[in-house]
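This is the structure, below, for whatever I ask next.
Lettered A, B, C and D in written order, each chain numbered from 1.
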Amino acid sequence: MTNAAKNTEIEVNSKITDKLLINEFVVRFANTNGTGSASANNMFAKAILRMGIPVSAKNIFPSNIQGMPTWYEVRISEKNYLGRRGGKSEIIVAMNAQSIDDDIMSVQTGGYLLYDSSRALLDSQIRADINYLGIPISNICLKEYSDPRQRQLFKNVIYVGALAAMLSMDFTLLKGLVRDQFKGKEKLITPNIYALELGYQFANEHFICPLDIRVESRDLVSNRILVDGNTATGLGAVYGGATIVGWYPITPSTSVIEKFASYCQRLRIDPASGKKNYAIVQVEDELAAIGVAIGAGWNGARAFTATSGPGVSLMTEFLGLAYFTEIPMVLVNVQRSGPSTGMPTRTQQSDVLACAYASHGDTKQILLFPDSPGECFEITAQAFDIADQLQTPVIIMSDLDLGMNDHLSEELVWQDSREYQKGKVLSAEQLDEVEVFGRYLDVDDDGICYRTLPGTHPDKGAYFNRGTSRNHFAGYTEKSADYVDNMERLTKKFSTAIHFLPAPEITQSKQTAQLGLIFFGTSSHPITEAIDHLKEHGLTTDTLRIRAFPFHQNIEDFIEEHSLSNKQVFVIEQNRDAQMKSLLVNELQIDPNKLASILSFDGLPVTSQFIVEAILGKLAQRQINKKTG
Amino acid sequence: MTNAAKNTEIEVNSKITDKLLINEFVVRFANTNGTGSASANNMFAKAILRMGIPVSAKNIFPSNIQGMPTWYEVRISEKNYLGRRGGKSEIIVAMNAQSIDDDIMSVQTGGYLLYDSSRALLDSQIRADINYLGIPISNICLKEYSDPRQRQLFKNVIYVGALAAMLSMDFTLLKGLVRDQFKGKEKLITPNIYALELGYQFANEHFICPLDIRVESRDLVSNRILVDGNTATGLGAVYGGATIVGWYPITPSTSVIEKFASYCQRLRIDPASGKKNYAIVQVEDELAAIGVAIGAGWNGARAFTATSGPGVSLMTEFLGLAYFTEIPMVLVNVQRSGPSTGMPTRTQQSDVLACAYASHGDTKQILLFPDSPGECFEITAQAFDIADQLQTPVIIMSDLDLGMNDHLSEELVWQDSREYQKGKVLSAEQLDEVEVFGRYLDVDDDGICYRTLPGTHPDKGAYFNRGTSRNHFAGYTEKSADYVDNMERLTKKFSTAIHFLPAPEITQSKQTAQLGLIFFGTSSHPITEAIDHLKEHGLTTDTLRIRAFPFHQNIEDFIEEHSLSNKQVFVIEQNRDAQMKSLLVNELQIDPNKLASILSFDGLPVTSQFIVEAILGKLAQRQINKKTG
Amino acid sequence: MSFIKSTFRHPRLPVNDLGLTYRDYEGALSTLCAGCGHDSITSAIIQACHELSIQPSEVAKLSGIGCSSKAPNYFLNKAHGFNSVHGRMPSVATGANLANQDLLYLAMSGDGDSASIGFGQFAHVVRRQLNMVYMVANNGVYGLTKGQLAATADKGVKNKAGDLSLFTDIDLCVMALQLGASFVARSFSGDKQQLVPLLKAAMSHKGFAFIDIVSPCVTFNNHSGSTRSYDYVHDHITTAAVTDFVPVKKEITSSCDSGESEDVCLHDGSIMRIKKLQTDYDCSNASQAIVDIEKHKKAGDILTGLFYLEPTASDFHEINDTNDMPLNKLTQDSLCPGSRVLTGINDSFR
Amino acid sequence: MSFIKSTFRHPRLPVNDLGLTYRDYEGALSTLCAGCGHDSITSAIIQACHELSIQPSEVAKLSGIGCSSKAPNYFLNKAHGFNSVHGRMPSVATGANLANQDLLYLAMSGDGDSASIGFGQFAHVVRRQLNMVYMVANNGVYGLTKGQLAATADKGVKNKAGDLSLFTDIDLCVMALQLGASFVARSFSGDKQQLVPLLKAAMSHKGFAFIDIVSPCVTFNNHSGSTRSYDYVHDHITTAAVTDFVPVKKEITSSCDSGESEDVCLHDGSIMRIKKLQTDYDCSNASQAIVDIEKHKKAGDILTGLFYLEPTASDFHEINDTNDMPLNKLTQDSLCPGSRVLTGINDSFR
């Protein structure tokens, strides 16, 4: 095969399967960041969605603004496998000369490489076992457009058009998407559709379209939506009644606030005055950001902030203050790969311990673990209730994958009958009735005391809120008994907390399965697929998805049930140090040997392949140990 | 008994024992802070020391500058019980009208209350079962002195003089102490001795001196010293070669730096130029303080900072940077009662988890746990070697009790043959020889790489130090494989670390005892006494004192050996949440049920009485559980 | 400090417009050192609030950490207070104020709290033009940690322990002026006659009001050689203008000598009457104020009084265009867009 | 940005006194956006170091976090660098400098890094008079996090996303002047002719040298309406004086027109020649400089050039009286007092 041949006509070297591969494959786009590829790639994913086929997308981008390699991985799966699969991709769109060598290597045998053939490939770039689809995209753009920015931008649209032909996508639907996307900027619609058609026609003219890998319309999406978690979180905060935000930009949490702000601009303007029913301050750093939330929480408004990595560390002192003074507020932690600056644009679940025990001294924080945009919305709204009811910070543990990637999710749900739960806040009337008011009096014996807000009552209920030891009446004390009493009450409050927190999601077979898988957040995405593969290996699996810390009793039960002799519990997490396992062991007093860890911490969302291999490996190891031991 | 009678003559109401109580009791001084009592009380303790009797002192002071209650507890024990005993005191010197009611209640039946009888006691303040020693101290001072400050100050000296008579202390020795104390301020010697004599004579004239509680000279101190841990730590840093300090004041760590500074002023002036061989900067906050240490550590100087409570939280982000970029530095954490501002002048061991896992992401820090001033000196000096050898921060976990109270300790030891261990730092010559230099190349397969210092070599060895993911050559990378490789190497380094760290101190009977006690830092002080009492209950005890994290293998062995059916391992710590137990369970993969926690967290140093009662209580509970279960 | 507070009340204590006496504005008993300047500030605040007939419960007291930051506990017992963490009061104040713009925010900080650990937060809350009274009790040392030099200590002075202040000192008034504060003044805890009217004006001012109050630390910085001791301050204090404060309801009766006296009308209609003692005094010129402050400093003097006032300044909420109804009073009706709106939003994700 | 760097070297590239070419001062390939102002600063630094014949390995490069803070990776490959955490470079620089006063400390920060999160550290390192060159690449936005407004953005401007800058902007030069910096200048990344001599002078200056460098962010703040765009800066830049830098070894040949030109001798004997373009220019008067800066700003102009120079200023080590031998070079002999001394100390505890 010569380069010339590759440029014009496809020559099928190898096939993935003898049959057609329909609706079950991965397309990976390799681009340079800052060239506008993400929106074209997203258009591709959304077109699949509108064809009724389950789809998910991972944007793998650098910590840099322009000119570095970036990838966008679209998984199409009518089996509803929405996590990453692992392994090589069926189709790679290789638009970045920097990374093309690696990209060529990551095409699956029998798969396709769509590349810009304006420049010939090197001999070393030719693999005999894959198929090359060369389109002279740069040359086409050079001919079609004069503006350099357009020459750049439309490259991306052209390959989407070509893919439409190759994969037999609904072209009308794609055009509809362009119209939706540029609503309000009508001038852009025609040139975009034109670019789509350039690609579409080129592919149809030069290749046998569609390929043996292709899509077919289905009705498998039902009312699900494709959205990123940060958008849903921002919206959840609007619905949850948050009015005040202090924040400081940091990837990957920034868009939580940006989305909150843009929804507020639409949904939170006072109809009478046209004024804002919210206040967002971009402050000087993360210490100030959480300070704002705490000040507002003290004063009775629902407030939150969002941050990542280094921001969490910087908020540590204030988290301790809020825990000890019992001030409600919500912190959204969109985790990224640590330690330190780490890999700011890679995902991880590695702040579990840093958040659970945030701050010096004996502190414990409430954590919530959403796993989908739908749940981000729900849990964020709920977090404000929980914080108010428990009078303590609530940390929502999202991550870059959940926050910034588009996930196929149940739609967002709000019951209009639902009422904000503001917890134990005394009104002026209630204060009048109360005989003695003590801010830290455990009246209900649940560890949660009654609080008052500034300005409520002319004479009663005022107290001096402080991070120092205090007695029941918020008076400063260094008396050991007072101190211990207060600390033990806080422990009691933490037990009470469990009743307010979302319970774990458990799937359990009739007869307890051989394997118990425990996971949380985005680690749940590849689970369905992993379970199916484990079944192929004759292994049955029960699962438990943790949704909150402190832990519900049934987590302990699940572990007990699944750690009998011929069973095994695995804890899947995306960090090096098995942080969730540590938390389970500590807080539930569980023998750590009952829990085997599956740890994926390379910064990319964990794959089903990784999970299955790790589980099989550990089970095999156990077999060996049994035999030899 | 009338008040008049109490003021002049002692009338023994009750006795603690029929025999004389010699060299085995507690004297507790109740004063108002800011009145200069601490130095008089300290003089009392030091006099006991010079009489050759083991003594220890606890200063229990408020977070305030002047006018609040403060106590000073001196334990005299020829049995060498140097921890707190618990329970009431044999003698109380009650000089504070604010606290006198409580003080009277805390005299042991048969014990003595020495008080200022210038004002009569109330009837409610008369207990029939204790003995009152009234001295009209204020009146005496009013008569003797005209300056108000003197009237205040000499009160304290007067009661020390009186105690000398009552307890039959060596008066010449006391006078010698005054001379030592006021060396350089000779004018103050005569009036102080005069005040001592005022008290001494008054007591001799009005009471039957000595009392049945008294001291007798012994030779039980040998070469031990009486000093606080912070002084020893500051001095350890001088000996360990620290040259640079960034710091921010915070109780109870401030005096670490103050002592370092004052010893440097004496011992670190360049003899030729008269210039400083050190630099100490009081910076704007704790973030800057640790930043200074890190910058200096990167540049090859030995540097440290000291902080407490909130300061630890504020240093979290930088601790993560130092861990990930592998920069040596030492942090002295003098723990106090948390959370948040907590009780700033009370002790605790509650930053174990906050320090071990300081910072977001997967981080682990090296911890050292000294338990005496002698060890503070040794471990601080050693910490600089460890930090340099491991290229990572080392956190010395002291606490308020250890840092600010005077302890009877082995003397400070320095072997002149000892050499600073600077670890793997390449010189220009070595760089010339090295074929390829990679800052993060694991050449020796121990996880510790070679580093270079700025300015070493004109062409080789320079690299860009960064908190982001990097490859072996310190180049920025977002490649998963590079990231994982580096993170796993850091785990390996942490295993290597164990070889550099002080091993636990184990006392083990020939046959494994029934009880295994694990503790660290100041929790070890009451252990000797506790063991003796447990023996009285027929219980034999082995002990293990943890001196470093990560943990040595023999800690695991100790736990295994002591957790067989009829044995029990207890972990004694001064925090609410059993933080050391958590760390043991996590890191050694130990079943948490093997470890029973003894938790004292009221802010005062743990007592032997508390330990014994808690252990007996838990054992009794276990018996009941066994019977019913 | 005495630890038993007399509960005796004089039957004929003067009452203000709300019928409250001075006692109704007091707080817990001070635990500061006898003679501490901060206690005088406390009593000036009590007097100012009483005279202004401020409803105590309509005040929110804020502070960081330090002896000075304990002070809010010693005034206005009926007001909620928030003793936050060291140097971070400004952010807490921001959140509190955002939540409820109807309260009066009285904040107390120290020079360690605001010029060292909190300098970043200080600078940014000034920029933000938060409607609050920000007082710094400036004693040149860290009182609560026993006398270390603060960043406001004059270069060259020594603290009690003998440490020399080596670096350029930070003048918080100059910084506030530079960063856009709309009310900037300096006073002295020992000069109630000057301090009380300034406090009253600051409380009546809408926008960010900053008052640096020289407040001697008797325990750690009252020695000779200190430039924050009572003696030094008494000897070196100068005032550019004497201010008097006339609440909105009172009629102005005193005559007004145009050249030497100026009336500035504050946003609530109350009047700040300024009697110039120095000819070049001009409280509407921030740059000039900085020059004046520095000129006096060079001469070894401490210039006090009102430095700058922008009576029509905006505050954060005006700039942000926040609803007049305090955000913490909004109910679910106005906060939650409801399920119908959500349906449309869901559609946008398909 | 191109990702393959040519390794071709022109055989006759000019060499400096050390025999090094410009190439010897380069760093890794920039990953910043094509046209980013920060890359121009990088090349000005390279040129300045080359012309001054600085031994690259005798330089320590420091930075915080941001696009600007990446820049040190792109110059002086043979110098060690420390890319620290966001806003905290000044403390790291302090520690590094304390450890070894013999290196030249070149620090690069951004306006987010220095005026927001790092404002406290910035202020305090200025006070400390650390001997370093502190450069801020001032683009008015947070480049790396995609264009949020920085605290240096002029009040009233909008960023690319359309957000309005609501609050008083922080002028870091004014702050540095106020806080006691001994060398303060402003320049423009697009004006190498001005920037290079200023950098050279700053590097030769002993004490704290601050240069605020307007450095447009082509991706997020180069739109019309921005006051940090190339177009705006080109149109509004004014200079008080043109400076030229004459290294210590070179003889001064150009004639010197006394009224309009002034030679300032730096501590190492090199000369800063200043040609005044504005009559009231006086680089020894910090207060005047502040007034000038603000006057121009009110007129919508950006004043650049050398604002202030105190050629005989002290640095931290002089003030501290540190030994001349770098502390990191001291050996155990001079650091450890030994066992004999300890015996005496033990005695003091008995």
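In this text, a residue touches a chain if its C-beta (ideal position, glycine included) is under 8 Å from a C-beta of that chain, and two chains touch if they have at least 3 such contacts.
Here the structure is a predicted model, which is why all the values come from computation and not from measurement.
Asker: Tell me, please, which chain's centre (mean of its C-alpha atoms) is farthest from the centre of chain D?
Answerer: Chain centre farthest from chain D's centre: B.
Asker: Counting C-beta pairs in contact, which chain pair has more, B-C or B-D?
Answerer: It is B-D, judged by the count of C-beta pairs in contact.
Asker: So the centre of each chain is just the mean of its C-alpha atoms; given that, what is the distance between chain B and chain C in Å?
Answerer: 40
Asker: Provide the C-alpha centroid distance between chain A and chain B, rounded to the nearest whole angstrom.
Answerer: Chain centres of chain A and chain B, defined by C-alpha means, are spaced 45 Å apart.
Asker: Any idea how many Å lie between the Cα centroids of chain C and chain D?
Answerer: Those two chain centres are 36 Å apart.
Asker: So which bits of chain D are touching at least two other chains?
Answerer: Only 85, 116-117, 119-121, 123-124, 128, 151, 320 qualify.
Asker: I need the residues of chain B touching at least two other chains; which ones are they?
Answerer: Expected reply: 63, 284-285, 310, 317, 321, 340-341, 466-468.
Asker: If you look only at chain B, which of its residues touch chain D in the complex?
Answerer: Checking each residue of chain B against chain D gives 49-50, 223, 225-227, 231, 235, 238-239, 241, 243-244, 246, 267-268, 270, 273, 275-279, 281, 283-285, 287-301, 303, 317-318, 321, 411-416, 419-420, 452-459, 462-468, 475-476.
Asker: Quick one: in the complex, what on chain A touches chain B?
Answerer: Per the stated touch rule, the residues are 62-63, 309-310, 312-314, 316-317, 320-321, 323-325, 335, 337-346, 348, 350-351, 353-354, 357, 359-364, 466-469, 478, 480-481, 483-484, 487-488, 491, 575-577, 579, 582, 585-586, 589-593, 601-604.
Asker: Tell me, which parts of chain D touch chain A in their complex?
Answerer: So the residues of chain D in touch with chain A come to 1, 3, 31-34, 65, 67, 85-87, 116-117, 119, 142-146, 148-149, 151, 219.
Asker: Show which residues of chain C lie in contact with chain A when the two form their complex.
Answerer: Per the touch definition, chain C meets chain A at residues 28, 55-58, 60-61, 72-73, 77-85, 88, 90-100, 102-103, 120-121, 123-124, 128, 316-317, 320-325, 327-328, 330, 332, 334-339, 341-342, 345-346, 349-350.
Asker: In their shared complex, at which residues does chain C touch chain D?
Answerer: 116-121, 123-124, 126-129, 151, 166-168, 170, 174-175, 178-180, 287, 290-291, 294, 319-320
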